[in-house]
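Dropping a structure here in structure tokens format, bear with me for questions.
Lettered A, B, C and D in written order, each chain numbered from 1.
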Amino acid sequence: MGFRDECGVVGIYGAENAAALSYFALTSLQHRGQESAGIAVSDGNKIKLRKDMGLVSDVFKQGHFETLNGNIAVGHVRYATAGGRTIDNAQPFMNSFKNGSIALAHNGQLVNHTKLREMLEDHGSTFSSSSDSEVILKLIVRKYIENGGHLGTPNEEENNSELNQQRFVEAVVQTAKLISGSFALCIMTENMLIGVRDPNGIRPLCIGGFDTPASQALNHRDGGQFILTSESCAIDSVNGRFVRDVEPGEIVVINKDGLRSIKYAEDKKRTCIFEYVYFARPDSVIDGISVQEARYRMGEVLAEESPVDADVVIGVPDSGLGAAQGYARASGVPYGMGIIKNKYIGRTFIAPTQKERENMVFVKLNAIRSDLEGKRVIVIDDSIVRGTTSRRLVQILRRAGAKEVHFRVSSPQVKFPCHLGIDTPSKNELISSNHELEEIRKEIGADSLAFISLEGMKKAFGADSFCKGCFNGEYPV
Amino acid sequence: MGFRDECGVVGIYGAENAAALSYFALTSLQHRGQESAGIAVSDGNKIKLRKDMGLVSDVFKQGHFETLNGNIAVGHVRYATAGGRTIDNAQPFMNSFKNGSIALAHNGQLVNHTKLREMLEDHGSTFSSSSDSEVILKLIVRKYIENGGHLGTPNEEENNSELNQQRFVEAVVQTAKLISGSFALCIMTENMLIGVRDPNGIRPLCIGGFDTPASQALNHRDGGQFILTSESCAIDSVNGRFVRDVEPGEIVVINKDGLRSIKYAEDKKRTCIFEYVYFARPDSVIDGISVQEARYRMGEVLAEESPVDADVVIGVPDSGLGAAQGYARASGVPYGMGIIKNKYIGRTFIAPTQKERENMVFVKLNAIRSDLEGKRVIVIDDSIVRGTTSRRLVQILRRAGAKEVHFRVSSPQVKFPCHLGIDTPSKNELISSNHELEEIRKEIGADSLAFISLEGMKKAFGADSFCKGCFNGEYPV
Amino acid sequence: MGFRDECGVVGIYGAENAAALSYFALTSLQHRGQESAGIAVSDGNKIKLRKDMGLVSDVFKQGHFETLNGNIAVGHVRYATAGGRTIDNAQPFMNSFKNGSIALAHNGQLVNHTKLREMLEDHGSTFSSSSDSEVILKLIVRKYIENGGHLGTPNEEENNSELNQQRFVEAVVQTAKLISGSFALCIMTENMLIGVRDPNGIRPLCIGGFDTPASQALNHRDGGQFILTSESCAIDSVNGRFVRDVEPGEIVVINKDGLRSIKYAEDKKRTCIFEYVYFARPDSVIDGISVQEARYRMGEVLAEESPVDADVVIGVPDSGLGAAQGYARASGVPYGMGIIKNKYIGRTFIAPTQKERENMVFVKLNAIRSDLEGKRVIVIDDSIVRGTTSRRLVQILRRAGAKEVHFRVSSPQVKFPCHLGIDTPSKNELISSNHELEEIRKEIGADSLAFISLEGMKKAFGADSFCKGCFNGEYPV
Amino acid sequence: MGFRDECGVVGIYGAENAAALSYFALTSLQHRGQESAGIAVSDGNKIKLRKDMGLVSDVFKQGHFETLNGNIAVGHVRYATAGGRTIDNAQPFMNSFKNGSIALAHNGQLVNHTKLREMLEDHGSTFSSSSDSEVILKLIVRKYIENGGHLGTPNEEENNSELNQQRFVEAVVQTAKLISGSFALCIMTENMLIGVRDPNGIRPLCIGGFDTPASQALNHRDGGQFILTSESCAIDSVNGRFVRDVEPGEIVVINKDGLRSIKYAEDKKRTCIFEYVYFARPDSVIDGISVQEARYRMGEVLAEESPVDADVVIGVPDSGLGAAQGYARASGVPYGMGIIKNKYIGRTFIAPTQKERENMVFVKLNAIRSDLEGKRVIVIDDSIVRGTTSRRLVQILRRAGAKEVHFRVSSPQVKFPCHLGIDTPSKNELISSNHELEEIRKEIGADSLAFISLEGMKKAFGADSFCKGCFNGEYPV
């Protein structure tokens, strides 16, 4: 509660109704971004693009799918920041260039895009947005053009596009090696789909296939049907079959000849731990670890590390529920629902006048009195960022009669801002950056407060291959 | 899953920003109806009304509250049926009449409105909608006019409206005695707020007050500040204090002299049991019973009545979760999350083309494989209406690896349609109306199936004052 | 320029696509009102209504006509006042009542609606708007109910509606006799269309028929096809044939037996002269007089009454053009275009910031320099209301090089506000009400100024049967 | 009637409220394009852009001008074709590049853009639209980058932008020499405004200045205030002062040092004659010739060339009116209005059902019977393209009682499609391309038919420096 992810991406290859499948998949990734939505689709000859501000179901209406025909697509959802709420930055980005077109959807954040942009500008590139994703797109095209000499030009025998596929893939590989930071990319041309994951695999990307009934609809020559997407829940939503994760440092190229893997960099896996803690849906599996299972485990470890006598343990919806259930299992304290989150609070919910602004939290969250009255309550949240929501939450629980409120957090203290794709407040707004634990406890008004330890985190996952930059300031890039 | 409630109502008296508080309260009642929303507000001289199709936050924007000033308001949310999706039927209804204006918000359904409408038409009344709620409004006005003779006309000394308040209240009492069926009403004039609940109390209605800080904003002569609303969660949302339920057969009149109670009929309480099973939010308390507590209890009784050896018990979100947790408590089978419901599926979500229609359920619901794979699963839903959703649900659980699926339902078999405010399919579409238990089990594909018994329901609540018409065909009216 | 008419009305009977024809007709009457538009249509059993704020082509989209099927319709366009811009006052008004439904469209203004509304309220009527047109509708229904006793109830042998047509027509006649002011009404039930014009015929209403090809589409038993409408240009727009005007004090009843005329009051014709001067389209013929011909004649008389040596005569678009051409003919001074009016200035045109407000007129009107430079210019406008536009106009002409500007007005001085359907400013804003001619000339900056005389007006029309209330304060009602 | 122009452009320099002035100017150029509208504005540091589909007054609302602050702006309106109705092609185009940003608005059409695009693509450029205007923008940037070496980089002493102005102007000059076709361009950077007109001056572009009161608002160091725009009527609309036309082959550079002229190519003036015949507003003056005066003259010559005995001469609104008035002057046949064009027919006007499609013309145009009945009528239109509208027009005139209809056209026969910025049908749809005069006369049903001759055209203008490609197939480029 307080973090927000950048985006969700999807790519579809070989399915007759690629845009419709993308629509379903993006709806399943909607929790990763509600600001804008877009789908680019190719019928083999031409890429058509639709993108706009708003939820997936607001941007796409029945009529749009008539023109969005084709069997290759990439799609994108983007989250809402205060500043950059503008159509210019909505994705996918699409451009035409020598012999073809490209559409690109990006989840992540580059750390060297300023330098790359200057380099491109020195060669005459122009930009229509401030997005680092546009830099990636232009870089691929530049590499493709530069490769022209030694890699040859397309010839008639290839396929209906004149694009030189081999040369294009090479350009993507070169680009992947040049860019630094976090990136999960879905890239398409008129007749190819390419997935790219950064060497640290900071943002997730996985591969799915279709057996039935989608394969019956197969109208593609001799290749298969594939889906690339940020989370496996999107594969389920189109009734697909999970195949595997794209590996850190891997590029997958999907075309009429099937799927081909290119390892362009050493796998130095450092998955963002907040994908498990907060962003991803509990029904997703990322890099072999079930998100829901991970949350149970974090709760269990938290119970071992920071036990407390209590009558009920509750979780802050939605991402705190799994940890609360794990805590209950491990501690024996009964699990209760305790808190309700209003699911109709969307982008359009407002404070009618200035006066009501501070009471908006009472509309968003409410306590279930019968679960709490006269009880000693353990409440589990996924994180504490600024501390303001936590303070309000404790108030709500006490208003509902909680005798004691013990606050437990299923992630370590966030002390450093993220530079790899998460919208965090600046360091001086991070309450853990400037306050001792006891100060924070007083600030939020809890009777006790504990965070899971970094060691505990490692124990919960049975592994340590995660980016923990926001906890200890050690970033993989 | 399959039922839908008619509406939610709210009334505010004495609060400076009555429309803003109504906006918050209606947002908290949004689960009771997503088709249309409306607020009428009085500044003491004039009632202004805004209503439109859509969610509360779509209908009301910042600018609207500037004109919606005043300290008395009534508000309404209405649910979406296929047929009547038209602005004509949106509420509150507002009309001007002799000496004043009236706005009315109604949750429920009359059984004698046809006869009453004919009677009114015989006297020259005209109607702008097909709604039974408009009949109530016109009836009140007619009674008010008829009372003119013996109850006297308003005089200057009263207050700034010329409406004869005593005569108006009498008209409401007379009307409440004439109408039959289910009704929870919030009625306002320029300077009064009135709440009415039918003698069976089929739909809920409760009273809240404000201590601080709303009372500091009090700009009313010498009366208090009140809120009337369908569910207590709306009182929490405006940081109010729950006072009590309006009793079946009671009218509460709120004006500058405070709150006055009129018992116009004997209390024959028969609350709709589905308010607890499905409609109401778990954080609401209705007629002294916590909704969440009731759900836990139904799950506990279900565990006693229909135990089964299993590895995990899960609930169908959102209303099945409480019963599942209760079942887990009573049975000792571990509770797991198991199912995720996509919270971004709203009115605008569509099947992109005909082909995708039947796969939409995979976007709406998904299973958490790590909770289910290789396990014997008990799944608790609140009801089975047509059976189609249940069948899809069992498929989804098996797709995620469930070894056995034991279906448990926290309400008895629904065999009769509702005539008192719930949108149910016709009798021949109700699967329990035409099929034996074993047939239904086969139809939905579960390994076992059980419903809670009517006796068990009684035991769970420790009371029997409920309408059970949809179970046994015995309606209170 | 400065006056605005209330509305335009249309009624269609017997044409398969009544709503579509109404759409065309209302588009042709759009100059009479741009605030709201509405069409009610009956398929013989049920009246469906669609109305909303905006232009006809904004309110009605392709999809709407699928549900607006039927062969009887009434339609309405309403003009934009600052105050009453609200959907509540949009027309047609529609209500259901004993045995049937009624939809009503009204152009005009009642002078006794307050008294009538009180009378109706005393009998229990309620109102959903502040419109005097709703009073007419309720009055008709009340009379219909009161007539129930001696005129009998409907019986099965009549037609598919149970409405007693004879009784309903009687109610309309009684109502027409009770209401006072200006009214041109199109009224429909499920199977009748009725037109009503007030005894002074202040607002126009005429009858058209269809020969081919609409008659080929005739699916009605044995009656004909008719259109009632404010202006004959709307008849042309649906390729109909002008039949005659509805006479002042006449009611026309159209049903399966054809058209029947009822004279309910003596014809005391006092057509609003501004229909010719300003409101009506030049291609309309009202009460036997061509609007364009009338404008030519007013210009001719103006030339006789107020000649001046000049090089060119120009008209202020659009309604001043005819008079300018007439002036040119009679005077021999060459006609020139001289002024251009931007036709893209609609309801959505704004002053970007406060600063630009006073310069908006330069966007709306511009002079043609080549017509004016170095010339003595006669400019003809249809009226002067506040004088502000006239002053700006003279500035624009001088900016374009006019050596002399002689202002001529094709209507007499407006000294009194209208109470019969035209939106005029209050008396103290009417420049002619408080200023001598010479003062006005100075105020607007012209070299000379003249208005047509009341005698000249009479001469131009060859008749004197007009309402001249705004000139001399003598109103027919 | 049948032709449509591409666009209108505007540029503002040095005016505090540049976006607001652009809004007014674009509204005055709205007749040149109704598909999309856009304004880019610079505050000296940053260019902000807003563009969308729709009319100027639909795209820009009050709130937008708060963010569109700055004193340099370019704006654009674009006309609606069936195919390319997409936001991708809306203008101005804006891109960031090395050291700065550029926004560009273009009226016209290139003939060598395919070759230039390929050349740019070979160097790695990518395109987000199919517009030839984007090619111009990218070309300028490429030239700017290439000039980097010998022209030096920007230094701190310049101004707040780091853009090297001198180098940028050089790039514009190089680009203007490379592109071929018709182009009137308004180009801006953060602190410069540049106007470019092609060597043939096919599309118009003129310069205006501001005296008062805009100059009082001057907040610019020491330069003046300027407006560049397609038509002089837009200068009038912002109360500016016409200075002169940009000459064919001229570039004007406006910055803090005032206006500087660069002649980059020989002036081979070939203004598009249809600017006078049809596109431009009559109150505009293009290349020293008043549009309205030109229309009078064409009518006069037409009267000399093709006289006929008649009772009235009328013009087809709006562009045929001037020629009709000229014809009347020269022939002595009285001028009458005769035809009314419904001014509320916009983009949203539809045929409600297929059936009504062919009758839509009766809503768009109507005849004034009193001007025509029993008369021999001369009707002047500006052109005949396909002939369908002309046939309907003759029908309408005959329906209104015209005894004879003599059709006269104020432009020669259009036999060839335009490749320089006008949307014409293909050659085989041009009725004059495949039919003899007599065949056309029969086709449209007129009693006689005549076009002005090419010689007559020359005589009317007293000059011959026009593009006459659509008449004789001889294009200047």
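Everything below uses one rule, namely that a contact is a pair of C-beta atoms (placed from the backbone, for glycine too) under 8 Å apart; a residue touches a chain by one contact, two chains touch by 3 or more.
Keep in mind that this is a model prediction, so the values were computed, not measured.
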- Message: Give me the set of chains touching chain B intersected with the set touching chain C.
- Response: none
- Could you tell me which chain lies farthest from chain A when each chain's centre is the average position of its Cα atoms? C
- Item | Interchain centroid distance [CA atoms averaged], chain A/chain C, Å | 60
- Query: Where the CA atoms of chain C average out and where those of chain D average out, how many Å apart are those spots?
  - Reply: 36
- Between chain A and chain D, what is the separation of their C-alpha centroids in Å? 48
- Note on the structure: Two or more other chains are touched by the chain B residues none
- Message: How do the chains pair up in terms of touching? List each pair.
- Response: A-B, A-D, B-C, C-D
- Message: Could you list, by residue number, the parts of chain C that touch chain B in their complex?
- Response: 94-99, 102, 118, 121-128, 130, 137-138, 141-142, 144-146, 148
- chain B contacts chain A in the complex at 17, 19-20, 23-24, 27-28, 30-31, 34, 55-58, 60-62, 65, 233, 236-239, 281-283, 285, 290, 292-293, 318, 321-322, 325, 329, 334-337, 340, 342-346, 348-350, 352-353, 355-356, 359-360, 362-363, 366-371
